[in-house]
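Below is a structure I'd like to ask you about.
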Amino acid sequence: MLISDQIIGEFIQTRQTTEEICAPLTQEDYVIQLRNYMSPPKWHLGHTSWFFEDYILKKLDENYQEFNPEFKHIFNSAYQHIEDRYLRSSRGNLSRPSVEEVYEYRDHITNYLAEFLDDHPDQEISFLLTLGIQHEKQHQELLFNDIKYLLGSNPLRPRYSETYEENIIEKQKSKWIKVKEGLYEIGHATTDFCFDNELGKHKVYLNNCKISNKLITNGEYLEFILDGGYENDHLWHAEGWQWLKRNQIKSPMYWHFVDGQWQQYTLKGIRVLDLEAPVTHVSYYEAFAYANWRELRLPTEFEWEVAQDYFDWGKRWEWTESAYQPYPKFKKRTEFIWEYNQNFMVNKKVLRGGSVVTSKNHTRYTYRNFYHPSLRWQFSGIRLAKG
Amino acid sequence: MLISDQIIGEFIQTRQTTEEICAPLTQEDYVIQLRNYMSPPKWHLGHTSWFFEDYILKKLDENYQEFNPEFKHIFNSAYQHIEDRYLRSSRGNLSRPSVEEVYEYRDHITNYLAEFLDDHPDQEISFLLTLGIQHEKQHQELLFNDIKYLLGSNPLRPRYSETYEENIIEKQKSKWIKVKEGLYEIGHATTDFCFDNELGKHKVYLNNCKISNKLITNGEYLEFILDGGYENDHLWHAEGWQWLKRNQIKSPMYWHFVDGQWQQYTLKGIRVLDLEAPVTHVSYYEAFAYANWRELRLPTEFEWEVAQDYFDWGKRWEWTESAYQPYPKFKKRTEFIWEYNQNFMVNKKVLRGGSVVTSKNHTRYTYRNFYHPSLRWQFSGIRLAKG
Amino acid sequence: MLISDQIIGEFIQTRQTTEEICAPLTQEDYVIQLRNYMSPPKWHLGHTSWFFEDYILKKLDENYQEFNPEFKHIFNSAYQHIEDRYLRSSRGNLSRPSVEEVYEYRDHITNYLAEFLDDHPDQEISFLLTLGIQHEKQHQELLFNDIKYLLGSNPLRPRYSETYEENIIEKQKSKWIKVKEGLYEIGHATTDFCFDNELGKHKVYLNNCKISNKLITNGEYLEFILDGGYENDHLWHAEGWQWLKRNQIKSPMYWHFVDGQWQQYTLKGIRVLDLEAPVTHVSYYEAFAYANWRELRLPTEFEWEVAQDYFDWGKRWEWTESAYQPYPKFKKRTEFIWEYNQNFMVNKKVLRGGSVVTSKNHTRYTYRNFYHPSLRWQFSGIRLAKG
Amino acid sequence: MLISDQIIGEFIQTRQTTEEICAPLTQEDYVIQLRNYMSPPKWHLGHTSWFFEDYILKKLDENYQEFNPEFKHIFNSAYQHIEDRYLRSSRGNLSRPSVEEVYEYRDHITNYLAEFLDDHPDQEISFLLTLGIQHEKQHQELLFNDIKYLLGSNPLRPRYSETYEENIIEKQKSKWIKVKEGLYEIGHATTDFCFDNELGKHKVYLNNCKISNKLITNGEYLEFILDGGYENDHLWHAEGWQWLKRNQIKSPMYWHFVDGQWQQYTLKGIRVLDLEAPVTHVSYYEAFAYANWRELRLPTEFEWEVAQDYFDWGKRWEWTESAYQPYPKFKKRTEFIWEYNQNFMVNKKVLRGGSVVTSKNHTRYTYRNFYHPSLRWQFSGIRLAKG
């Protein structure tokens, strides 16, 4: 299979988009890691470059010389390292290599690979290239999550952008979409790219159920707060209640009650909470407790996949009730993509859809995002089901 | 519905069995809590009594006076208490009430309730009584887990019993049981007692698969160790690998390598590891890594339930690949039994079967046991599947 | 030097006193360890016996057979053990050996040694015997501290004794005792027994100062609380403020504000706070902050030693401003008594005097007690100085 | 008292020196905080400016407008803040204000104050100005400590400077300086500037002792390592041994054993360990254990002060045996300088002398530096005493 011009174009475009996402950052912003689950923007820039270097350039080009031999230790994401200085939790400790060097590294990789592809159009690396592009798109979204978190945690509350609108209001009238009991096919079936966790198209039996065509709004969620939702342990998982107590959680992330008014930090800075906008930055624990309070429930990922044609989605990741587990025909694949395989398939919940910061041409209705139930720095919201 | 003599007999028998389980203990053993997930034997004795007092006696008998008003704080298992002195993790801090007082409390409850039932055979409390009995049977198993742990952790390695044989060797020849793809009904369907998490009989579609008719033995598991299973991070969940590293796990619980020989602490004391006996006291992480090493997998709880008629089970809880989640028609029920409902349905894995220390007439093929993937002080083993 | 009948008598009396202190305990009380700095009563009983076994019997009697070879691991206090099961923090994990066995061990040691001394009156072991006796007296005091803590933390608040009066009110009129500037001799100088940290009589130059002849009372301390002493960070060491915040300290240990009234847990159970009694169970941080609030200070241990002839002491350990450091001529001695030597001489503060639970013939005016500034489960109080 | 041109010159020079120390840094270096006891370089720059703004400009100039009202929260060092976002441990979370803004802030303060002083030569602010200058000099040294730590922890091991030589070899022959027993005067006595902890000239009685005229070298310290010094718990304080075990300490900070060779990270980058150079970056625990191994001891701060005229010092802070405590006549002073007063006088050890990175005209023979016994990121060394 020849490398198409289109995919080369997409490669270059993706590399550029990553840099555009970082454009509003100051040099100091690139260094910050506030939580173990975050990475500094600089690390994302380096890691996505290392991915192309390590999995394509070093494998296909015998003349290729590493840009810097130390970088593979710094920008590798493998979790097994034991040396303190390379630990995931230590990514925010690295002032060097500098932002400038990392951009040089990026440029080097982008140019070298683009040129290499031009010279070797017969290389059978479509898949690897696509994987690298999709991998970088995942990190584009993580960049948004991490940047919002690091700016939103700063006491000066700096804005990311004057114009980036993250709150997309759903105008449609609320209604329940019926899913009829029966057998349905789940999973990715076309020849288009997908991650390995979506593969293994298989049958699933669903019972009658109904799914809302709208996401829960800030206003609806506020009622839960005002009704004492965060003080009533019966609504929560035992584990969620511990999480809430230990972290003194009293509202979604980025909500601030200031001078008698609920405000929300957004990519455009601090604003009055928009009651019409979908609630976001909630953990699975909160989504579950909210559904419980409404005497409803979250949909499973299968119900969601079956019903998704009948509602709009893609502006907000949606927590599902489903644990992240392998599909029946899941195959552990070659080593280099094991990041998406079963090594993460425990104690995570599946999110479906996509969010306002998800890259173009990245998500799809079979896409399975997954996070620990406590995480909420991603743009995550709530859609209810019943039956 | 009248209270049958049979159920009254079972009540009295159950109360007695609990005390027989504790008979080999010294008075000091009753006080010990080594881990947050354990409770001191004394607490189990009090808690199972409080259950009958609080849910039956106080509700049905208007003349009933609490044995000791303070006990409801001490022996309640609700997780929401915030005062330090009643915390779950503080159960091992309580030298008072004494063992003797707790036995007096038990006798009081047993006798009072037995008499009350004799006098009120028309009371509609069959369900509550059965629930109390089954609840106490659950604690009988926990007592075994906790007692083994507290004795097995003592440097003197005292035995629990001269005769209690926990290792039941499976003699049958190993073979694969086929499950044919299709729709199956899952869940409890009779009128017999079951816990709420088993209810909601529902259809599940299974793919072709095969399940082993035998559990993995100590000898088979030892090969995994000798092949470096505990040093190869590729076999493990990322989370399992962290658990292993943090806790320096190198073998199943209770295995000791002494003077060039593998030994195992059992209820009969320290013995040479029996290679023919089923491996036990492994975490889900270990079960998964072992299956991975064999290039096989664990069964789902549905595959297990469908195939269980074709193999022996009940001597060893079996980890499944399934996350503990509500069945489609799961209903959150009245408050007092919420311990078994959805408040625990996150970040747990389902175990099926039963173990050598599970009480008689307690488990069944629809029974869903559940633990955090890291726990292994229960008698948990490994059955493999493929396809 | 011959072993005198008097010292043999004191040995037997001391062994007996230890057991009398434990007499009010239930069997379950013997097992409890609530904090790392505590030990279970059972451990004190065993450890003081092991001391005589290891340092006298095993060294002097070639026929001596250890009572139980495992006990030396369990009852040794050396801190360097790395095995989990013998760690200091794990002493509360040991239900075995039983209380009964430990008492058998005690009896065995007491009788064997008493007999041995009768048979070998010429043995030059006066010093070792005295050391063992004084060591056991130290543990008698620790037993009181630990027992009060374990009973006082129990939600049932059981009393230790009907009659043991720990609050000794000072009736004398308050006045300042003047210490004139000049050279003074500090340290133990007679041939009587003392611990090695008191040795090295040496000159110290003191400035003019004044020391109060009375300890601070509960009533005086309460004024500090009511004046917001626990909310004013300027009064506290930075480290003390962190301690206070982290542990939510708002009053001395054992004080409880119940139904609008200050109560105090004592060895006689819960009582209304006696405003006339000396305040006790305060940390050095609290003692310092209180002195600061009064615009006064704590005395140094040297000022205390020089002035002590002019005030009553011995009913309450008194925090001094002095860090616990070696005296100028301090000599590290033979291994077996290194518990009292320099290995603890960092980050501790000296307390002088003695307390209501200090054993008879144990303390003296040169005695240097020492604890980490945060500890307050001992009977510790406040005497002020100025100048 | 008029403000002299000399002090204005020193003010401007000091401000400039701080910036010169930071000149080799990349913009990213300014943001990093690796330990709670460190601060990011950016914070030092802002904090020293805030000091002049808050204690001089705001107090003396009624027209003065804060450069940025938010900065007083960010650059204040007071420890009592409870909001997470201003915590000491969160200083490394702040990408904003930017390095550029902080330099603008600095320039603003420097220029405004310089101009103000020109216009108001009659202001009685000599003391405050001097204090601010000395305060900034302290931070200059901290900057060196923090910069070395952040660069030395980076896997790329970048050098700070090509020329900055931190290892000053002592050429003199080793000998013991005798201090004769008797009364000595300790403390600051001239009218020159000093910190409040040096005040209160007072008499101290010293015994005969001897102090080495040389610091311990890397070579001498290496013998301690090779003799198993880090494995012999008898040499260590109990607390030091715990510290060593918990942190897996096996050598001084910045020592690396690579390819069979001891190397040392210095401000000039990685170099072969110079056996002749004084050992540095040791904790008090290590200094004490080393002295113990030599059967010698550390000097007290008084012995050091008395003997200091007879040896060279100032290239390496020297741990003393003395706890950091108030001098007899210590007076708690006005609020704004309480950073140097008694709020830190617990659980710290005194270091005397000065180091190669101490600012000019900053230290003196009465200067009392102090750190927790575990800290070693400062340039700290060992001088022995005996007798």
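In this document, chain identifiers A, B, C and D correspond to the written order of the chains, with residue numbering beginning at 1 in each.
Quick note on the criterion: a residue touches a chain if its C-beta (ideal position, glycine included) is under 8 Å from a C-beta of that chain, and two chains touch if they have at least 3 such contacts.
Only a predicted model underlies this, so the values are computations on that prediction, with no experimental measurement involved.
The minimal number of chain-to-chain contact steps leading from chain B to chain D is 2. With each centre defined as the average position of its C-alpha atoms, the distance from chain A to chain C rounds to 57 Å. Averaged Cα coordinates give chain A a centre that lies 37 Å from the centre of chain B. Centre-to-centre, using mean CA coordinates, chain A is 45 Å away from chain D.
Residues of chain D in contact with two or more other chains: none. Because contacts link each chain to exactly two others and close back on themselves, their graph is best described as a ring. Those chain pairs judged to touch are A-B, A-D, B-C, C-D. Every residue of chain D that touches chain A in the complex is listed here, in rising order: 26-32, 34, 42, 70, 73-74, 85-86, 92-99, 150-151, 153-156, 158.
Chain C contributes residues 79-80, 82, 183, 202-205, 207, 209, 233-234, 236-242, 245, 284-285, 288, 292, 297, 321-323, 325-326, 328-329, 332, 335, 338, 342-347, 349, 373 to its touches with chain D in the complex.
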